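For reference, the structures are reproduced in the following blocks.
In what follows, chain A forms one complex with chain B and a second complex with chain C.
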Partner chain A sequence: MHRKLIHHGFRFFTGLCALACCSVLMTLIWAIVQRGWPAISWRFFTEQILLVGADGGIFYNILGTLILLATTVVVSTPLALGLALLHGVYLQGNRWRSHLTLLIYVLNGVPSILFGIMGFIVFVHYLDWGKSWLSGGILLGLIIVPTVTVALVERIASLPSCYIEAAAGLGLRQSQIIRFVILPQSINGLVTGTLLGLARAAGETAPIMFTATIFAGATVPNAVKESPVLSLPYHIFILAQDSFDPSVSAKIWGTALSLLGIVFLLSLIALPARLKIHEEAHHG
Partner chain B sequence: MTRIAIWFFSGVTVLTVLAMALLLLMQSLPVWQHEGFSFATGAKWFYRQQEFGAASMIYGTLVVSIGALVLATPVGIGAAIFTAEFLPARFRLMVKLTIELLAGVPSVVYGLLGILMLRNWIYELLAPFDPLSGDTLFTAAVLLALMILPTIMTLSDDALRSVPATQRHAARGLGLNGTEVVLHVSLPQASRGLFAAVLLGLGRAMGETIAVFLVIGRQDNQWPQSLFSLQPLIESGQTLTSKLGSSETNIAYGNPLHWGAMVGLGVILLVIVTLITWFGAYLQRSDHAS
Partner chain C sequence: MAEPILQTQSLTVTAGSRTLLRGVSLSIHEKQVFGLIGPSGAGKSTLLKCLNRLLELTPALKVSGVVRFHGESIHGPTVDADALRSRIGILFQQPIVFPKSVFQNVVFGVKHLGVIQKSALPEVAEQALREASLWDEVKDRLHQPALRLSVGQQQRLCLARTLASQPEVILMDEPTSALDPKSTEAIEQLIVRLKKTHTIVLVTHNVRQARQLADQLACICLRDGAGEVISQGEPCDVLCSNCAPEIEAYLAGG
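Right after this comes the complex of A and B.
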């Protein structure tokens, strides 16, 4: 009787924790949707900022964020592919492999503001680029390399070894096996990882605030030097610091909702592939 | 060709990471030469007087992130026990994916919620203690707790799930009920993984910049009278990251000593966070191996 009581009490308590987790986070989302929705309109997405954020829309902020994300993909893809294939193929059974894994984990934990400081030294001052979309894209690319690499490594590790043995049995060289077997089979790991990484990169403010983005006055960059872009997270960051004007306040929540929309969209596209991996992990 | 490309891009990544650490170290040299080790232990930061001490910011970082951990860990691990041990598999996946989706909410959005909502609530909540404003270390700790809750929960859930099901079946066969299985089998076996989850949450809390920046008040030289006093919690403060994110970064460049001090803060942060993540990853991996 006593044991049963403890069991029910314990289950109830942990259930309460789970409920608290979910409901707190749901409330957050609800708070943003509720406040941001009234600001959303066609004009909001197609006009540029007017009156220091109190009027107009966020067209160039969205465009700027998309430019940064496109650059991020270009930078992160070859780096992550290189690391993942090195890890999965060339370092198989090598003691350096675990060091590489550890390095990837540590890189994943490096606070993003430090990438911002490094970019400030290297791109803004050493290379004298000033603020540039390219430095922002390179920094964000480096930041998401671990996310993409880990997704790829998991995918490569889960490939049935008979594929590789069959290819080797047909007389393919290692580089051919990589190109014609491993890469095509693990491409959805790359896509999933990149989407998740982009979801993170889209919301990052710290790495781009000193290096790539300004609050107003930039449109489409046409060079590298002195070519900043506007961006969604920096827009929210600046407006949040002096948000006493109610008309500005409506625009901030609208911007936050748009950013959240982009982030969730990217993670949701990655969802089916992740569900599949979960299932395979349970049945395989 | 393929081989060369793979080694080339891997080399680029690894060298960039190492060069980055080295660059930060080199750029911070002037302040170590000027202040010596008291850069890390001195509590006074007056850049016009060329006096640089990081201790009050290290203190702020520790208080805020450990506070966040104290708030988030019990709830996070409790929730993970429920999803991993009691919830049917179908629902478990649903809850987990929701939580992971929420882990992706950008920190600037948390910062916005903090500055426009949480700050006022905390101010009213703390009214009996007469705080100067809602920008306090406590506000930052609460906000960070919300941010690391999904991380701690989902990693704890993974750790609990990695305990082999046969162990649970054996324990049930011996007549233990669900709770006893959790307390005597799952938790002890997953303890390393759970500890790793907490450490990785801590690492994330320490490195968080934007959300903390917006709600902490950014008051320099807040050194507590006693290290165990709770008074600083209801006062403004400064963390390593909120300092690095401030406009002082723009001002400092050009003056080697001042810049060295700013980068020095980054080096201290990098060392602390790297040690924590490294230890967390180490525990997590050895947990899976067993």
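Right after this comes the complex of A and C.
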């Protein structure tokens, strides 16, 4: 009887945890949609900022965020692939593997503002780029490397070793085994990790505020030096902090809703690809 | 008698302080089926993987002794392990098909060895599938996922994949133990046919199969915790010998 009580009590508690998380998420989404929806219009997405954010739209902010995210993927993918292959294929001893795992987790634990400061020192001052989309992209890329790497490492570790043995038994070189056996079957981990990472990167403000983004006046960057972009999170940050104009409030929520929309859209775009990969991996 | 195609001398495999195989010396002659029997855990599969250096994928295992292929050590400084594995193919206990189409599976090895033009691949695939007696069953669904084939067909597909690379030796690690009687019979008939063109090393648990297929047979049993060759020679001599208590116990199902 006592044992049964504990069992049911524990099950109830786990359900409660799930409910708490879901309700926070739902409340957040509901609050943003409810307040942001009135601001959404065609003009909002196609015009640039007017009247210090009180009028106009966020076209260049969306474009800037997309440019930053694209750079992030370009930077993070090769780094994460390299780390994951080093972890799963090249490092044989468990000791070195655990050192690498520790490094990845430490990197994941570095607060994003520190990346911002590092970028400020290295890119803005040392390389003399000033504010540049490239430094923002590189920093965001570095920030999401651990997330992508961990997802890839887990995927590679779960690959049946018989595939590798079978390929080696046919005389394939290690580089060919990586290219034709390990990578095609790990692509799922890469996509999942990158999406998780991008969802985080899209909202990061600290690493880009000193290095890559400004509030107004930037359009499409055409160089590396002194080529900042506008971005959604920095727009929200500045408007929320500096504006006392009530008409701006709707614009803030509208921007937040757009940011949320971009993150969801990214997941949605990758969904068919993920399902297809999943099906191929499990059912042929 | 001609020089053996594969030969091992005092082959020993250790995992740390534990010995898995001790002092194995075998001579395998060309175009013969060389059978390996013995109880589970005696190191038959380990021995098989020594013969094409596949054991090197498990770095914890150390191999000492000599393995010669055409009279030359396979551990020599100039030997390319990957190239060696394409000449000494292997078929595993469970069919390992890649999550790709039937056609892509057949040409998976040969495509990447770089010896055949891309345009010749369909022809190579057809020939390999015919050799593996699978062509008639799959010719209309070459581009369907290979995982949809039955287990018996998958094993023959794996054999076709190995054959496509034109190996001289095929190592078979209990190739029929996961199959139903009909598929087992198909593989056994194939072994008899392939013997004319290939050398086959067959690990089996099935005494009937060993008796029927093998030209030479070696029995590996555990002695002091490590696998040793207890007896080798003609199948009837090995299977009828009363000299080793381990073989008697094995044949009695012990």
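The rule is simple: the second predicted complex is superposed on the first by the 239 of 284 C-alpha atoms of A that agree within 3 Å, B and C clash if a C-alpha of one lies under 4 Å from a C-alpha of the other, contacts with A are read in each partner's own complex, and residues count from 1 in each chain.
Just so we're on the same page, a contact is a pair of C-beta atoms (placed from the backbone, for glycine too) under 8 Å apart; a residue touches a chain by one contact, two chains touch by 3 or more.
Everything quoted here is computed from the prediction, not taken from an experiment.
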>> In the superposed model, which partner reaches more residues of chain A, chain B or chain C?
In response: B
>> For A:E165 in the superposed arrangement: first (chain B), second (chain C), both or neither?
In response: second
>> A:Q185 in the overlay: touching chain B, chain C, both, or neither? Say first, second, both or neither.
In response: second
> Just chain B (first), just chain C (second), both, or neither: which does A:Q92 touch?
Replying inline: second
> Between chain B (first) and chain C (second), which does A:A39 come into contact with in this model arrangement: first, second, both, or neither?
Replying inline: neither
>> Quick check on my understanding: which residues of chain A belong to both its chain B contact set and its chain C contact set?
In response: 282
> Of all residues in chain A, which touch chain C in the complex?
Replying inline: 92, 162-173, 176, 180-181, 185, 280-284
>> With touch defined as at the start, can you tell me which chain B residues reach chain A in the complex?
In response: 1-3, 5-10, 12-14, 16-17, 20, 23-24, 27, 74-79, 81-83, 85-87, 89, 93, 95, 97-102, 104-113, 115-117, 146, 149-150, 153, 177-180, 182-183, 200, 203-204, 206-210, 214, 241, 244-245, 249-250, 253, 262-263, 266, 269-270, 273-274, 276-278, 280-282, 285
> Quick one: in the complex, what on chain C touches chain A?
Replying inline: 52, 54, 57, 59, 82-87, 89-90, 92, 94, 96-100, 108-109, 112-113, 145-148, 158, 161-162, 165
> What residues of chain A sit close enough to touch chain B in their complex?
Replying inline: 3-4, 6-7, 10-11, 13-18, 20-22, 24-25, 28-29, 31-32, 78-79, 81-83, 85-86, 89-90, 98, 100-103, 105-118, 120-122, 125, 142, 145, 174-175, 178-179, 196, 199-200, 202-206, 209-210, 233, 236-237, 240-241, 243, 249, 252-253, 256, 259-260, 263-264, 267-268, 271, 274-275, 278, 282
